[in-house]
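Think of it as A, B, C, D, E and F in the order they're written, each chain with its own count starting at 1.
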Amino acid sequence: MIQGKKVLVVSAHAADYVWRSGGTIAKYIKNGATVKVVVLSYGVRGESNDLWNQEGATAESVKSIRSGETTAAAKILGVSDIEFWDLDDYPMTLTKELEDRMVRTMRAVQPDIIITHDKIDVLNPDHNQVSDFVFRCSIMSNSNGVRIEGTKTTKQMRLFGFEPHQTELSSYVPGSFIDITEAYEQKVAAMQCFKAQGHLIEYYTQRAFLRGNHARRISGNKSYKYAESFANFFPVVGEELY
Amino acid sequence: MIQGKKVLVVSAHAADYVWRSGGTIAKYIKNGATVKVVVLSYGVRGESNDLWNQEGATAESVKSIRSGETTAAAKILGVSDIEFWDLDDYPMTLTKELEDRMVRTMRAVQPDIIITHDKIDVLNPDHNQVSDFVFRCSIMSNSNGVRIEGTKTTKQMRLFGFEPHQTELSSYVPGSFIDITEAYEQKVAAMQCFKAQGHLIEYYTQRAFLRGNHARRISGNKSYKYAESFANFFPVVGEELY
Amino acid sequence: MIQGKKVLVVSAHAADYVWRSGGTIAKYIKNGATVKVVVLSYGVRGESNDLWNQEGATAESVKSIRSGETTAAAKILGVSDIEFWDLDDYPMTLTKELEDRMVRTMRAVQPDIIITHDKIDVLNPDHNQVSDFVFRCSIMSNSNGVRIEGTKTTKQMRLFGFEPHQTELSSYVPGSFIDITEAYEQKVAAMQCFKAQGHLIEYYTQRAFLRGNHARRISGNKSYKYAESFANFFPVVGEELY
Amino acid sequence: MIQGKKVLVVSAHAADYVWRSGGTIAKYIKNGATVKVVVLSYGVRGESNDLWNQEGATAESVKSIRSGETTAAAKILGVSDIEFWDLDDYPMTLTKELEDRMVRTMRAVQPDIIITHDKIDVLNPDHNQVSDFVFRCSIMSNSNGVRIEGTKTTKQMRLFGFEPHQTELSSYVPGSFIDITEAYEQKVAAMQCFKAQGHLIEYYTQRAFLRGNHARRISGNKSYKYAESFANFFPVVGEELY
Amino acid sequence: MIQGKKVLVVSAHAADYVWRSGGTIAKYIKNGATVKVVVLSYGVRGESNDLWNQEGATAESVKSIRSGETTAAAKILGVSDIEFWDLDDYPMTLTKELEDRMVRTMRAVQPDIIITHDKIDVLNPDHNQVSDFVFRCSIMSNSNGVRIEGTKTTKQMRLFGFEPHQTELSSYVPGSFIDITEAYEQKVAAMQCFKAQGHLIEYYTQRAFLRGNHARRISGNKSYKYAESFANFFPVVGEELY
Amino acid sequence: MIQGKKVLVVSAHAADYVWRSGGTIAKYIKNGATVKVVVLSYGVRGESNDLWNQEGATAESVKSIRSGETTAAAKILGVSDIEFWDLDDYPMTLTKELEDRMVRTMRAVQPDIIITHDKIDVLNPDHNQVSDFVFRCSIMSNSNGVRIEGTKTTKQMRLFGFEPHQTELSSYVPGSFIDITEAYEQKVAAMQCFKAQGHLIEYYTQRAFLRGNHARRISGNKSYKYAESFANFFPVVGEELY
């Protein structure tokens, strides 16, 4: 049951959460979940290649464009709770202070589910770092002995990893396919906010179709038209075999 | 929802399904699922070492004891539909005729879930063969072009693999933990039918405790006292992240 | 240099070589290579689900349609040398006699390159068997002591594996990307011959786009618009680092 | 303590046991172990390429040369108990009757240690088959229910795998290094019996040096000059950490 | 021969060395080895969840309890040489100064064997860090060019890794099983010192039974009742096949 | 075509590039490539064990010898562009400033190919760090948004990894074999400059022979006498199947 679930999404750069989990986010919100998105950086150095080709581009102008794009995309997905940490990227430096801040965030959200980058992205060192950062912060957040004034220890949550761009080279194995048919239009619209990355819009639109095909094939359920896939950080635990 | 689910369990030898999935079977039946068990052999050659130490043991006497034990265990678990194929074991020969029989069985059951041996058991060649046999039969069963008079093609079902005896050496990774707290007593009672394998009763009783500990730790759900784990042959596909 | 290269393609079913290597085949032929295709079965049982839904379908009618489709596709790709072994599929039985026949075929072709199924296709047991069959026949073909009247031992050739349908679940890792931009139209036209498999046409059309994106990203070469990927059975050996 | 140990070596072809374990065999014999070697085939088809280049070579002439060579090599290593099963190779067919024969052999020897091919040799299908054959026979040999008149069930023995020719491509990982310094001269002399395979003599002579270097580096023991490595089929079990 | 061996055990938190190697430590000491234990932290933040639930708990009170418990446990195991570095945990920061200290410690001990955390513990980032820390310090300690006044370069020692809590999820593979039957009572008594972790006492008591079962099965040695397992950082090197 | 290619080699210590890629470097230079070598440290602490055994050795005297040796070796290989960063080793600290310097170096060279340490060297932490350092710098160098005055963004280059010393333990898999027959004499002469490491000269001389054997076997090309192997960081991308 999606209704009432609390979800925390942590995105290294301004558009990662849209390409890789936009459909799932929109679906969750539509069905009554609470979703908070933390965007660690605007991706000014690492993921704005085309914007820098514009005459007179500066770090500030690029950041401003990225910020506008991701804000618009979040709105289309229905995300009302989004936070920008405005870190530098390429490289990204994740200090103890930022660990503390992330633990506070987790304890404020008390998430059932955390979605972030998967462990390996063979083409993006920031993604690997963020994956490890979120994971170790979740361990600390869950630990009763990590005392932070005014916070409440979280219960062990479930963690899921985004698809990296080149899955096979990154040893990515899908653990979960989510049917996003009902949120597909929203995802496509949200992706179109990132005007300077037209090739990725087409790429991730096709990916939704491809994963929909996979989801149908593996489940025998013909109603799944579009899907997103995620890596499972942990086995499924519960009352029955899903 | 377990209610109404159809489950097919395929066990290489007479006790495998009890050690490795007895709790899940009992729980599913108790909650309204239909479970059919196919026992391919009585394990006379490969899994009856102690029985052969009894004076005057013969293949027939061993088989008769094993048959009685597994029938009693099935009854305790609530299994009313159990089929014995009485194949030789060590080695097990799985012919095209047996493939045909298994496809017919699958098409008769129309299972949502199949539970059988996982892909690798480093200490038991029969288990490996049965895993592969069940898997390829499931593919044929699902294929519309495999025409067998009087049968109806199955829909892609979900497959799950038993824990092998020595998990780490067999590259076994749990994909699903099932809380069997409500069926634990039944499982223990069913295991106790296998009198000549006392060391395994203790072993798998402890395993239920161990997996219960793991299930709690990973889920944060303190109510899970005993659990069984299974390998997932496929990713989870559905409407939400489990 | 493609000019003068001899290529042997071995396909388990009637359409496999088109979906997975149609662009590479067409490109090689266009650039002066000699390509022979061996189609082991028509895929009547395993890969003709939709054809069986047609009223009055029989094994013969299905085979006849598949045969027509693949012949038309081969023609579009420029393949003039194609051989149909007409084996049963699902399951496929690869006997010693067929090993002998395949060794003779290899020795007649004297291929520089063999393209066939990769080692693991998690959803198709025939593909796995064919991969192993072709590989062990290549070893025998290369062995001077495997004496077959009228044949000449082959030199060690290079082997490449097709992409399976669900790559990550099959542990598929691309070893080579081939730019098929110049043969893309041919590939699409060839795929359209398989009328009952419309969903796969769309699927593999998108895959060419996806692999083109990957190829550009990894190579920095912007001219690659469409690509096919293959697994490498062996490391690259040569005069320089490719 | 080597003294009194019983070792069974199973070699797919006439020279495998010499290249890959000749030093260990000689050392074990010299130090009081009993070693039995079973050579499954003479390698006429798969491992006698150069002999077939001799004018007028026939299967019989090749076999006769290989037989003479391996007999001479065994003598140099001190092996007095060697058995030739004279099977065909490339491909090798390992029937139920041969399984029965191997189980009888194991039960006659009652080995502490079995040395045979490791699980994967990416360039030699016979080696893979023999590895699996020996392994499953060992399981049957140890099983009390596998009743064979006049034989006595074996105790679980330790299994070790030969280095394949191209280790990294075959996923070979050394589990044990054996110092063969005292038997090195014997190994080199034994290898020199295989006159038509001069390149392999040099190759495996260098390998003894290479593995000696590795053994010194990992152990800190400077006295190891030459070594052989083996894969461990099972973890080490015992009274202390080796 | 255990007699005279020098062992260094490095434990991230106050109880790790007891749960995972208490039996082996006690056995080694009983049989004449010298064992030094270094405990890097008291586990105040990461491994004292239940203690923090006590009314009025503070970092100091928790530390004091943990310190008392581990000191008592060490005594029961026979450990007379134990050192507490009192680092913070969750997260643990392992600086260059600590590397220097660890290298000095290794050079003072001149260990034959080092036992510490294995490379991956999927649920505990501190364990991963300590594993890497100990390993790189061992490399430096062995290097003649790492000049530290008053120290003597160590000889390459053997390294072994503790079992993590959830072995399969952590890619843990046992490389060595140690029979701890003679030290089992001591291990149980030592574990009982950690009063606030009752669930782990039961858990690791059962694990000794489970690993005893595995050890018997793999070795054929029926006298092994209880065992501990360890990962091997390196292959076994020596005069014979263990 | 080697002619005109630009190659950047990054070596953790003074001799790494010679042992592992000396033949390829010499061959590339001989055939018209431009090769720049960056040596990060002289290996004073980690790779000069024997030099420290000389009476009166100091960090300065060891560095001076290593510097002379590597300069002489580079000259023999034909390397005219070599840069020494003179970092400390064991451990090596790779700061943001050094990242910046490496990105500048890459942008100055504009390499087609980068050769450096492969991802895992199980016996040398410096090698692992350098591999990761070079990789993440290459990602930054290629990124248009990483603005450094006076530099020009690089195009995605190809990366290759050196063989580590103990390949199988380091999960090293050769992706490319380069025939170095024409440069073999140069490589041997260059290695002989490292007088205090006589055992490695013999070791890597044999490795060239071993890899030559492998290269012949896999390619069927008998002219390859000596070879070097490298790991491929990325798949091969191009116009044909190599």
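Details
Here, a residue touches a chain if its C-beta (ideal position, glycine included) is under 8 Å from a C-beta of that chain, and two chains touch if they have at least 3 such contacts.
Given the structure is predicted, the values throughout are model-derived calculations rather than measurements.
Shared numbers divided by all numbers used gives the overlap of an interface; between chain E and chain F this overlap falls below half, so the copies present different residues. When chain B is laid over chain C using CA atoms, the rotation angle comes to 120 degrees (nearest 5).
Note: the chain lying farthest from chain B is F, by mean C-alpha position. Of the two chain pairs shown, C-D and C-F, the one joined by more C-beta contacts is C-F.
For the pair chain B and chain E, the distance between C-alpha centroids works out to 37 Å. For this pair, chain B with chain F, the centres built from the Cα atoms lie 53 Å apart. Shown for chain C are the residues in touch with two or more other chains, namely 123, 169, 173-174, 217-218, 234-235.
Two chains count as a pair here when they touch; such pairs are A-B, A-C, A-E, A-F, B-C, B-D, B-E, C-D, C-F, D-E, D-F, E-F. Within the complex formed with chain D, the chain B residues making contact are 43-53, 59, 62, 90-91, 123-125, 169. Against chain A, the residues of chain F that register as touching in their complex are 96, 99, 135-136, 139-140, 143-147, 234-235. Taken together, the chain D residues at the contact with chain F in this complex read 123, 165-169, 172-174, 199, 202-203, 206-207, 209-210, 213-214, 217-218. In the complex of the two chains, the chain B residues touching chain A come out as 1-2, 5, 24, 28, 113, 115, 142, 155-158, 160, 173-179, 215, 217-221, 224, 227, 229-230, 232, 234-242.
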